[in-house]
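In the part that follows, the structures are each spelled out as structure tokens.
The following pair of complexes shares a single chain, chain A, combined with chain B in the former and chain C in the latter.
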Partner chain A sequence: MTGGRGRNDPSGYLLVAFFTVPFLLFTVAPLLFGVYIAFTEWGIIGAPRWVGLANFREALADPWVANAFRNVVRYALIIVPGVTVLAFLFALYVHQRWPLSTLARTLFFTPNVVSATVIGLVWVWILDTQFGVLNHYLGLLGIPRIPWLTSPDWSLTGVALASIWWDLGLAFVLFLAALQDVPEDLYDAAAIDGASRLRQLWHVTLPQLRPVISMVVTLQLIATMRIFSQVYVMTNGAPVGSSASPVHYIYQVSIVQYRLGYAAAISVLLFLLIVLVTILQRLLLRERVRG
Partner chain B sequence: MTTTRWRWSRRQTLGAAAGFAAANAVPWYLSGRAVHAQSPTEIVHWSWLAASDGEVWARMIDAFNAAHQGKGLQIKMELVPEEQFMTKVQAAVVTGKAPDFGWGTAGMRAKQAKDGVIVPLDEVAVQVGLDLADFDEFALQQSRYPQYGNGLFMVPMDLMSLQPLVNTDHLQEAGLDPDAFPEDGAAVLDWAQKTTKRDGDTVTRSGILMTGSGVHPTVTWGIVAAQMGFQRASPDLKTAAVNPEAGLAAMQFVLDLFDKHKVATRDVTDRYKAFGTGQGTIFWTGPWTLNGYMQQNLPFRAYLFPKFGEKRVTYFEQGGLELYQQQDKGRYEATMQAVKWLSDNSFLWTTEGRGASPRKSILSRPDYKTAGPPWDKRGAFVDGMAFATEGEIPVQAGPDFTIYSGGNFLAKTLEGVWAGMTKPEEAMARIQEQWQKGLDAG
Partner chain C sequence: MAEGWRALFRRRLPGTNLTIGDVPLWAAGGFVAILWGLPFVWMVSTSLKPAGQVMTRDVEWLPREVIFDNYIKILTQYPIARWAFNSLVVAGVATALCVLFGAMAGYALARLRFRGRDALFALFLASIMIPIEVAVVPLLLAFIKAGLASTYAALILPTIANVFAVYIFRQFFLTFPAELEEAAIIDGAGRIAIFFRIALPLARAPAIAATVIIFTLNWNNFLWPLLITFDESMKTMPVGIAAFAPVVGTHTQLEGFAVAMAAVTLLCIPSVLLFLLLQKHFLRGISSGAIKA
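After this line comes the complex of A and B, so read on.
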């Protein structure tokens, strides 16, 4: 806040402090402390003992860490395209005001306001191998029962399905808002040029949505990298760690085994992976600036 | 576009800040401290009991508070998830705000005994007049950690075992007599065959209810392995995985339930829910499930765990109350008074709650067998304590050794075997190596 004479008004700092102080205390300080304890051995009781890079060396050699990071890539390959494509299609459906679009708008967004625990518990029932609704309907189509949550081959897919359903709402709203912002005259011009509806979608709608697509993909990638609640509730990482995620493993190591230093080291590795993926994704999807 | 700029003078800002601070601080001083000064001693108790047994425990606490109304001592109970329990206790101890007492499992707290998180109770038990001679000797022995001063670190509250619950409707449907449930393993497998339902090769209702991963196959392996002569640790706690051949045979036993006898399926997701909805006939579980199944009117009875190996053994678990380190050492006596009362009055807990009583005076009461759930549902969990000996290994790495876990080192290692991804010999080699490290660390 600048006064008429170019002098800072101290009351501005006070107002900013209402956000800044809690942010520094409860976000930045724990984050820095987390990075520090990644270089220590610490089990809550007693002082942290400096071990240098030992935790990172152990993490890089730990097959369960490698497994969890492999899984999160697989989760991302299913959930991110799943959420992005479905949310876009649902937004298009509502935007076009096709039949029942008002009801659909509510239905598409509703899962997003339900807690992950509830979603997880509901989907455990839906995906039950023996008595689940999904297998029942697949059976009517002649498809044999799929062990969605009990087989190492399927458990990750089962959890990913629930995640797509849960995550869809936010992306749907973002796409819908973006669709409503596309100028009508662009469609008019395209129509005058003889473009079909499909060509209008490809050459007008999608380019206009590029920034939103980029944002949805980024947000979804970060959310998927941090996947935990669904895994914890639906499979607890089983069987054989086939559905475990890095955050789930971090939880196991820190909260259950009290190895906070080692857990912090894995967290730092996850943080670096998220930064790397975000940068790569931004580079790939960034808008080209024309001269 | 013009905007109206809202200006706030420095005096207004500082005044508002002072008002905000005062509004928050004054009630805290006036109400919080003043009330606290007049209130009785409040003993903070953390519990992780969240199943149907939790309701009975809440009644125990209510009964204590009612009995001590106006006597200057009250218990405030808080629920903490079991998996996070000890992490939160340790964090609370470090910050000097630990709960006074909480629930523990005997044999699983060696590290906390070493670190001083839980405190030895021998002296304070004598101070408050807790009659240790009235306790089962085995229960007291399980509450000590020989390598850490051999102090008494827990007041035993209940003795638990794993015994089979059996769906009696399924038995009658298969023409089997519920009064003649066999105790021999081979005969139990035969009964399981008769009650299993299949669709082609797929089991649609399990004769022996199992899950494909997690706690159930692990604990089944642990019990059967012990019956076959496997020891997780030698009695002197020096050698890990004694008689590994028996451990391997037990792995094969579990695999055979799925693949050879086909009386179980890996498709079951939630074992408790599955038994409650009739997806299985024979289900070995603990006494903490009885109230829940009775409330849903499930037709079942409990029997003694069958003998699949050379000797009859089942899983043993002892629940009890432990005291946590306090800055104000004067709180120990008041807390122990509360624990003594809860132990002396644990008839309700060990009849309607869970498990068998570790108190001789309670076990010998004439109404012990008639209180709580009917004896055909509860009796096996009292009588079965005679051979429930497969308990915890009292070392710091105890959680790695427990057979009742779905996510510890043992369960994770065995999951590969159940899924056909790890050879039993390979798993046993890993178990031996890790457990030996655990024993060597003390």
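After this line comes the complex of A and C, so read on.
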């Protein structure tokens, strides 16, 4: 094992292998295996039975699958714009480096480092219909009590609010880093031209931040399509599936009903949807995602 | 006169870059930041209240009297110490392996030439787009059939290959000064020895960033531990405490929100503490990694 600088250094394989073996075993193989399982009927006990496209046909006709995919679109319509716009505004604020901006940065990011169980339970308590803090203050504004997590009309919104609070930190940090990279002389030039701060924001900051906006939207969209843990903790999909997401339904089918073949088929559909959305989104914003 | 006003608005407050005209905006943003932190205040405050003072007509932000009964109850009547131990073992071992393997791979991909290197890195990057949920059902089946359900091995193994770790180390080693390696090569040291003796000890910054970020991810991991543990004593802390959710278990109906808030406060402590102590590493790591692991 002498260190050569030639074209092919075998120690490279050894160094990479420690990562690559678990990567192949626990990421790539399950993915391929999952596609196979989707074409079978397989419970926890017994052998797989090839059923062809039956699982996919069933999934496309299953009203609960349709419901879960409809819900994930609704989640995305609330969470993605909510996170992107708020994170952008918060980052602009912290970027000013006014007094106490470091403290504000900490406050905006901290929810991102806690677990879904924390987010879920704290927000179940905040959104409590009778004694929740939110309804209390809405009541002071004359708004009647909202059954945030117990009514089919509101449960998805309730979970989405908690998700925005949880997810925002990542987008916020990415925006903040990007703002620091905008060349100072662009602002100086705009200021000499007499551009107001709002015009500078529109003509300098936003165009410079286009790639990172695209990246944030893509990352948040993918994260939202995989939404599960906060749904599980806050509503468990209830009432009547009004807040259930695709991953939540996959969980139910696999763990509660033990129908692993069917669960795998729904996973494959979700995967295809995520790939489709990512491609469409990239074509629309036509910016390469970094990383 | 108008000029005088404008000049006043543009005057900076001493020692800051805040102008007088900006004060309202500064205060409004500060208000939002405080609002953003309030759920944590409410969580801790509720956890310190006696059961009878939790559901009050008016919102009481601070407890009338501070008691620790809820914490004593959660620590003595629930297996929370066991869950915390499980979480520490799982997140600790997984993070250590993940960072070490990530550093090795990152170094090789940045500094060594071998056939298939770039294709391999492209494969790693492409895999970021794959939602783990697609792999979850087959993994579950495989681990159950292998008789590994509810074991540390099952909880740890699927989390040790994290592309984020590779990426962050590769970025670091791409700009690593070659002279440091060349001297050792002349002395006849092998590449693997160079990695362990020279490169790794100098990679403190990416190592800290990767460790705090990946530890937090592992500590908070939810779906996989939920699926693979059927045994109460093998649950991790987030999954065990999730039974306090009214839709999942009956603890909160029985005990009230004060005990539940004590449980989640304990669950917050490691990741929040780690973040507050190593904030700079954490944030720099995330923005330079720029991929959601």
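Of note:
By our rule, the second predicted complex is superposed on the first by the 277 of 291 C-alpha atoms of A that agree within 3 Å, B and C clash if a C-alpha of one lies under 4 Å from a C-alpha of the other, contacts with A are read in each partner's own complex, and residues count from 1 in each chain.
Definition applied: a residue touches a chain if its C-beta (ideal position, glycine included) is under 8 Å from a C-beta of that chain, and two chains touch if they have at least 3 such contacts.
Predicted model, so just to flag it, every value in this text is computed and none were measured.
Of the two partner chains, chain B is the only one that A:46 touches; chain C does not reach it.
Shared-chain residue A:225: touches chain C; no touch with chain B.
Touch criterion met: A:14 reaches chain B and chain C at once. Judged by the touch definition given at the top, the superposed model places A:270 against chain C, while chain B stays out of reach. Contacts of A:256 after superposition: chain B is touched, whereas chain C is not reached. With both structures placed on the common chain, the touch criterion links A:59 to neither chain B nor chain C. Annotation for chain A, partner touching more residues between chain B and chain C: C. In the superposition on chain A, A:124 makes contact with both chain B and chain C. Judged by the touch definition given at the top, the superposed model places A:104 against chain C, while chain B stays out of reach. Within the superposed three-chain model, A:179 lies out of touch with both chain B and chain C [touch as defined at top]. In the superposition on chain A, chain A positions 9-11, 14-15, 44, 124, 128, 130-131, 236, 238, 254-255 are in contact with chain B in one complex as well as with chain C in the other. Within the complex formed with chain B, the chain A residues making contact are 9-11, 14-15, 43-46, 64, 124, 128-131, 145, 147, 149-152, 236-241, 252, 254-258.
For chain C in complex with chain A, the residues that touch the partner chain are 16-18, 22, 26, 29-30, 32-34, 36-37, 39-40, 42-43, 46, 54-56, 58-59, 100-102, 104-105, 107-109, 112-115, 117, 120, 124-125, 127-142, 144, 157-158, 160-161, 163, 165-167, 184-185, 188-192, 194-195, 216, 219-220, 222-223, 226-227, 237-239, 241-242, 244-248, 257, 260-261, 263-264, 267-268, 271-272, 274-276, 279, 282-283, 286-287, 289-292. Per the touch definition, chain B reaches chain A in the complex via residues 8-10, 13-14, 17, 83-84, 86-87, 90-91, 93-94, 111, 115-117, 202, 204, 211-214, 265-270, 277, 279, 399, 406-407, 412, 415-416, 418-419, 421. Every residue of chain A that touches chain C in the complex is listed here, in rising order: 1-3, 5-16, 18-20, 22-23, 25-31, 33-34, 37, 42, 44, 90, 93, 96-100, 103-111, 113-118, 120-126, 128, 130-131, 133, 136-137, 165, 170, 173-174, 176-177, 215, 219, 222-223, 225-226, 228-229, 232-236, 238, 247, 250-251, 254-255, 260, 263-264, 267-268, 270-271, 274-275, 278, 290-291.
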